[in-house]
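Next come the structures, one after another.
First subunit A sits with subunit B, and in the next complex the same chain sits with subunit C.
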Partner chain A sequence: MSSFFKSRSAQITVLIVSFLLVFVPYFIPWGPLDWLSGKLMTIAAVTNAFTIVIAVYSQFRRSGRFINERRKGWVYHIYLLALMAIMTLSGFIFGQHAGAYEWLLLAVVTPLSSVIYGILAFYMSSAGARAFRARSPQSALLLIAGFVVLMYQAPLTGAFFPGIEGAATYLTDTFGMSVSRMFSISVSIGAIVLGVRMLTGKEVAFLGFGEGDE
Partner chain B sequence: MTNALFTLPGFAEGRLIGLLLLILIFVLAINFMGSAKVPYIRRVPALDAIEDAVGRSTEMGKPVVCSYGCGGFDYWTIAGLSILGYVAKICAETDTRLIVPTGGSASSYIVREAAVDLVRNAYTAAGRPEAFNEDDMPFLSGEQYAYTPGYVGILVRERPGTMVMTGSHWSEAMNLAEMANAVGAVTITAGCYTSNMAALACASDYIMLGEEQPAAGAYLSRDPAQMASIRVQDIYKFIAIGTILVGLIAVNLGSDIINRLLAT
Partner chain C sequence: MNRMSDEGGIYKKMATYDKRWVYLALFAIVLYSLIRPIGMPIGISAQTKAYKTELDTLQEGDLVFSTWNMEFSGYMELKPGVLATHKIFIEKGVKLCIAFGHFEGVALPPEIFKQLKKWTDDYDYTEGEDYVIIGYVFPNEAAVAALAQDFHANVRVDWKGQSIEGTFLDEIQNAGDFDMISDYTTGLATTNLINHVVLQYGVPMVVNSIGVSVPGHLANLDAGLITALLASTRGGAELEFLINSPGPGLKSMDAFTFGHYSLIIFIIIGNIGHYGWTRRSGARERTGIR
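After this line comes the complex of A and B, so read on.
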């Protein structure tokens, strides 16, 4: 029985039925179909919630091996497991919106996340410094456009050279926006054709199958 | 907000045109796939470079890092998984270590299971199931900014020869691509939104643009039927350009008929 559910044809059949249950109610609003579609979404959300257990188990197993075999950096895996246990226990004991869990979230996790986000600026600067060189007329044009938009974003430049606002807005609202829309259109079309390949069983990597797997 | 041009009883307002366009895509794609006549498809340097980059890692004795994104099962992730399957196949055949950092968002847990199966199947298909090591597919975190330093740590410790970063990577993409570059890895990436793409283009050796990523699975499979489906994308791009031009002319003549036809 389990081999039947693991088979490629059974999984594609489930995929087609699920697709129809979500696709059709968007175009034809009919009560029972809407209800079924809603139920399907709930099932997907519940299944997703269960997979967290497998992910956490995988992390525990990997860290356990690091510690057992004293691999490089094994001490950090002790910290990791201890912190996972503390966060989980404090969440269960005090709840999500009080006590240790909330403190850990607001005083540790959020500031650390902000630091990682803040570091982005340095990575962007180093990549920009490497890439923005006027090696050709096209790259020179790109460099000038980038410089105008960058200067407009700095408050001081706006105060001293108010004329830069018009140029920067023109660049972002015409060229920037048209490129963004072109990107959206081409990606949407690509995604729909990808969907057709999935439904016809040609694209099966997302089901965990490789080429030739049945 | 533009009012729909017409409504039909039993149909959601103004969505009929969208439905007809979708049905036409389905019909065209299935028709092209059935004909199995390989159309001309322009080369995608980022996809062509994967095999060479993995080969470089093999020669240098360094691992390959490949990630399929932080998101749930959206089309970026599905495209990313197709590319992961291809990379896993080459790594399994050439005995190159493959590291796949997983996680990154609350919706990423479920994708991980499919990715593990995919890589395991690739090793089995290559006749080396014993070489598959699930520890090389670590779940880093369900939080984006905990996943990022975990991923950066892997890049710094393992010093891969190649990094293939596809799927939906958001602001962390820049940290990862730039760090891969710093450790000397060939960096192949795919941007999933415009501002990200501009930054990634600076940091990467090769980048996939726009629809190149959703088309990657078909392109890499070399299967005539799948490659034929890519042709539909080109046809629809011309339809989109035509609709934009007609809409532009109509608006300038004082008519909003195209806007109303496409309004939902």
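After this line comes the complex of A and C, so read on.
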């Protein structure tokens, strides 16, 4: 029995049935099917919540290997595991609204999170300042477009030169948006192709199978 | 070697300046602007005006799903928009169901409602009656789809573990019962909300997004998937101006302006140096520095 559930065809069958249960109600609204689809999605949502346990377990295993083999940066992994243990235990023991957990969150996690985010602004500014060079006619065009949008993004500019909004909006609404749409469409088509490959059994790595495995 | 390093002179220095000068200049400008704000005028974009107009369509008692899909760090950028929008919600007396899509979201309600205390006190806006915080909702496709389809099958208690039964959330069966989705996002769950709430139930959705995600959301705005967009700190500051309630956004606009101008100056310096250096000496080809 267990070998049946481990087989490739059984798992793909489960995948196809689950897919149809969620997919079909979008096109055929029928009460029982909607109900079944909703239940399946709730089960998936609850199951997903438990994946955090797998994530914690995987991190402990990975960091454990780093520490055992004394790989570069192994000390940081001890630090990481200690902090993970402290946060997890304080949350479980005292609860998320208790002083200990809230203090760790508000005094340690959130300021560090904000600092990392703040530092990004420096990296982005520096990279932008040094990358925007008119090395060719194409990059000169990019530079001009970037210059207009940057000027518009500075709030003072709009107050003195209201016309800059039109120029910047033109650039973002035409060139910027077309690129954005192209990206979205590419990702969506890629996802559909991947989905079809998974449903037809051509992509089985996500089930833990290699090529030719049954 | 010396001869080579001398080639280009001032132009080379301008073209290859040390990135630490950018860090130092940006740090000094931002710090000074925050300590000594000048209060420079700002232009109000059409986008922010449209966002305000969209919020003005709400009536007292309307149900709004406020999704704080941001880390605490992202909140630092979105703070002006979050506060200004929620001031409008409180003044209008809409009912708020608040969820967050990141574990750091646990830190947000105390911080945000501390900032909004004057408004909650003035309008007698209370937790449980006027707003319910349902807490962390896993921001992936399955969880958002499940929540949208059957709200009470997925949420039975608020973030403090108290039952949501008997609150205004009893009116919610699925996401279609909300009058608006107000999303504050660094990228978490927004696409899933569009897929499973906007497209499925036709609920209007307004988005307050961090700067780097704005181009992506502009396409959603143009396609009508979202009804209004508030862009980053600047959008928040503009909204503060429109509702005549200065806050952290307007205070940071001097730093925002000078930060952008400093970046532009560095770009100009770099390009003058690059042009002069390559034109006069051709050193780039010989040294291989690009």
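Keep in mind that, in the parts below, the second predicted complex is superposed on the first by the 179 of 214 C-alpha atoms of A that agree within 3 Å, B and C clash if a C-alpha of one lies under 4 Å from a C-alpha of the other, contacts with A are read in each partner's own complex, and residues count from 1 in each chain.
The definition used in the following text is that contacts are C-beta pairs under 8 Å (C-beta built on N, C-alpha and C of every residue); 3 or more make two chains touch, one makes a residue touch a chain.
Being a predicted model, the structure only gives us computed values, none of them experimental.
Novice: Please determine, from the superposition on subunit A, whether subunit B and subunit C clash or fit.
Specialist: When both complexes are placed onto subunit A, subunit B and subunit C end up side by side without any clash.
Novice: Which partner does A:Val109 reach: the first (subunit B), the second (subunit C), both, or neither?
Specialist: both
Novice: Classify the contacts of A:Gly128 with the two partner chains as first (subunit B alone), second (subunit C alone), both, or neither.
Specialist: So A:Gly128 meets both subunit B and subunit C here.
Novice: I'd like to know which partner A:Arg62 touches here: subunit B for first, subunit C for second, both or neither.
Specialist: Once the two structures are laid over each other on A, A:Arg62 reaches subunit B alone.
Novice: Using the superposition on chain A described above, determine whether A:Asn48 touches subunit B (first), subunit C (second), both, or neither.
Specialist: both
Novice: Identify the partner contact of A:Ser180: answer first if only subunit B is touched, second if only subunit C is, both if each is, neither if none is.
Specialist: Once the two structures are laid over each other on A, A:Ser180 reaches both partners.
Novice: Let me test your reading of the model: by the given contact rule, A:Ala159 touches which partner, first (subunit B), second (subunit C), both or neither?
Specialist: Once the two structures are laid over each other on A, A:Ala159 reaches subunit C alone.
Novice: Who does A:Tyr117 touch here: subunit B (first), subunit C (second), both, or neither?
Specialist: A:Tyr117: touches subunit B and subunit C.
Novice: What is the C-alpha-centre angle with subunit A at the apex and subunit B, subunit C at the ends, nearest 10 degrees?
Specialist: Taking subunit A as the apex, subunit B and subunit C sit 130 degrees apart.
Novice: What does the superposition give for the shortest Cα distance from subunit B to subunit C, in Å?
Specialist: Distance of closest C-alpha approach: 6 Å.
Novice: Across the two complexes, what residues of subunit A are contacted by subunit B and by subunit C?
Specialist: In the superposed arrangement, which is not itself an observed complex, subunit A uses residues 26, 48, 109, 113, 116-117, 126, 128, 130, 132, 176, 179-180, 183 for both subunit B and subunit C.
Novice: Across the complex, what residues on subunit A touch subunit C?
Specialist: Interface residues on subunit A, with respect to subunit C: 22, 26, 34, 37-39, 41-42, 44-45, 48-49, 96-97, 102, 105-106, 109-110, 113-114, 116-118, 121-122, 125-126, 128-130, 132-135, 143, 146-147, 150-151, 153-160, 162, 165, 169, 172-173, 176-177, 179-181, 183-184.
Novice: For subunit C, which residues count as touching subunit A in their complex?
Specialist: Subunit C residues touching subunit A: 15, 19, 22-23, 26-27, 40-46, 71-74, 76-77, 104, 106-107, 110, 138, 140, 142-143, 145-147, 149-150, 153-154, 160, 200, 215-216, 218-219, 222, 234, 237-238, 253, 256-257, 259-264, 266-267, 270-271, 274-275, 290.
Novice: In the complex of these two chains, what residues of subunit B are touching subunit A?
Specialist: 10-12, 15-16, 18-19, 22, 25-26, 29-30, 33, 72-73, 75, 77-79, 81-82, 84-85, 88-89, 102-103, 106-107, 109-110, 112-118, 121-122, 125, 134-135, 137-139, 142-146, 148-149, 157, 171-172, 174-175, 177-179, 181, 193-194, 197, 199, 201-203, 210-215, 217-218, 221, 223, 225-226, 229-230, 232-233, 236-237, 240
Novice: Within the complex, which stretch of subunit A touches subunit B?
Specialist: Those residues of subunit A that touch subunit B are 26-30, 47-48, 51-52, 54-56, 58-59, 61-62, 65, 72-73, 109, 112-113, 116-117, 119-120, 123-124, 126-128, 130-132, 176, 179-180, 182-183, 185-187, 189-198, 200, 202-203, 205-213.
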